[in-house]
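To start, I am sharing the structure in question, which I have written as structure tokens.
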Amino acid sequence: MNSGITLEIPAKAEYLSLVRAVVVSAAALDPAFENQRLEDLRLAVSEATTNAIRSHANLGSEERITIRCGLTSDRIEVEVQDRGPGFNPEKITPSGSLDEPGRLNYEGGFGIPLMRVLADEIKINSADEGTTVQLVVYTPPSNDNS
Amino acid sequence: MNSGITLEIPAKAEYLSLVRAVVVSAAALDPAFENQRLEDLRLAVSEATTNAIRSHANLGSEERITIRCGLTSDRIEVEVQDRGPGFNPEKITPSGSLDEPGRLNYEGGFGIPLMRVLADEIKINSADEGTTVQLVVYTPPSNDNS
Amino acid sequence: MLGITEQFRDKWVLLQISGEIDMATGPELRQRIVQYVQEGHLHIILDLAKVDFIDSTGLGVLIGGLKRTRSHGGDLQCIGLSESLKEMFKLTGLDAVLTEKDV
Amino acid sequence: MLGITEQFRDKWVLLQISGEIDMATGPELRQRIVQYVQEGHLHIILDLAKVDFIDSTGLGVLIGGLKRTRSHGGDLQCIGLSESLKEMFKLTGLDAVLTEKDV
């Protein structure tokens, strides 16, 4: 991810649609990227950015969220980095399933499970200084006989 | 410009449309911003970014162009910063006029004059280490009796 | 950006939603639903045909609306789901509770 | 993204352009114009109605096309200018040379 673009935003919800627009524009640089996968990526990145923004609730407004976006021949990689307090991802989603009984009793907790379903790869690195979520979506091979 | 967004891109023409999309999304955060001024800003920023990309022709691809975008109550401010060789803006556009006779003999040289017409304020800071073009477009007062 | 227009049909309020439902715009929709229930409009239909994007906080708003209306003896239903919205409802198990209604 | 579709009418080639003409896409349009002139199609009409964006490098391509066709005894004309394109043609003085043609 030395190449590609970097976007820094204030940790405010109003910037979410801008982040989505950037990711869509970046992915559009690869014409092989299919519409459905673009939707998946857009939603996954939006979820990661929403969590990042939430994690800054107790930080000064100068602390930014960083979104990095890299395209290579076979994948698009997006990294969302916050300076929030961090968390333990293993403790959050023990089962990862969305359709357990009683699931509707609370209104949150969809974000990480959704990201796991939408992205082809996801890595969450979290520590006291912040969290980095790395999302990878594969692009189809550019030859036509797929 | 402590708040606002920052975008870093490789110095490649294919990223121009992404820069425009970002600026449009950023400006859309201010609903008072009129369509026509949005067009002006989009074009002015695109011109500045085109020049910045050109200025990197002899630089390694790791050297990025930085676009900063800040909204305040009465203006949107966009700064385009490159690491190119710099130039003397005063020498480039002595008259700044586009409709001189013989103007069509060359196909370039529209960029800076266009930016001057489109933006409400423009500052060009150029030195050996690079150039920063700062473009300001005013937003109308948000009360209705304008 | 979120657009909401309302129509009253029999005992139903039909809300046509346009734009994006996310952490920025979701609270407005939540507030509207709370208000309808307070005013006694307990049957709400959301037409999502013009929604370009909805994320998990948007789903949270729908679930919240469902619980709120039902706990008052009403209901909330969604119509006009695009393919990608249907997909998302399936992914989250919401399709089982937020069913489409023929209006 | 740039789209170009061609139609031949009498001695004119009509090119319908869609998308954005900038430093990324301009070279493709320039190349097409060069090719027409090489093939003897010296009269070119560009329909810009579906162009969302054109910048100064795009104008450079139009000027280049104008010079190239005229120097071979042909011409290049633009139709379908949106208000903002007209504005830009005026700003740059291009409106005086790249006039609209009734087709």
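Chains: A, B, C and D, in written order; residue numbering restarts at 1 for each.
The working rule: a contact is a pair of C-beta atoms (placed from the backbone, for glycine too) under 8 Å apart; a residue touches a chain by one contact, two chains touch by 3 or more.
Keep in mind that this is a model prediction, so the values were computed, not measured.
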Set of chains adjacent to chain B and to chain D: none
Farthest chain (mean CA position) relative to chain A: D
Distance from the mean Cα position of chain B to that of chain A, given in whole angstrom: 29
Gap in Å, rounded to a whole number, between the CA centres of chain D and chain C: 48
Centre-of-Cα separation between chain C and chain A, whole angstrom: 25
Gap in Å, rounded to a whole number, between the CA centres of chain D and chain A: 41
Sites on chain D at which at least two other chains make contact: 1
Contacts with 2+ other chains: residues of chain A: 14, 17, 28
Those chain pairs that satisfy the touch definition: A-B, A-C, B-D
Contact footprint of chain B on chain A as seen in their complex: 2-10, 14-15, 17-18, 21-22, 24-26, 28-29, 61-62, 64
Contact set on chain C toward chain A in their complex: 1, 20, 22-24, 53, 55-57, 59-61, 63-64, 66-67, 84, 88, 91-93, 96-97
Residues on chain B engaged by chain D in the complex (per definition of touch): 13-14, 16-17, 20, 36, 39, 42-43, 46-47, 50, 53-54, 98-99, 103-104, 107-108, 110-111, 113-114, 117
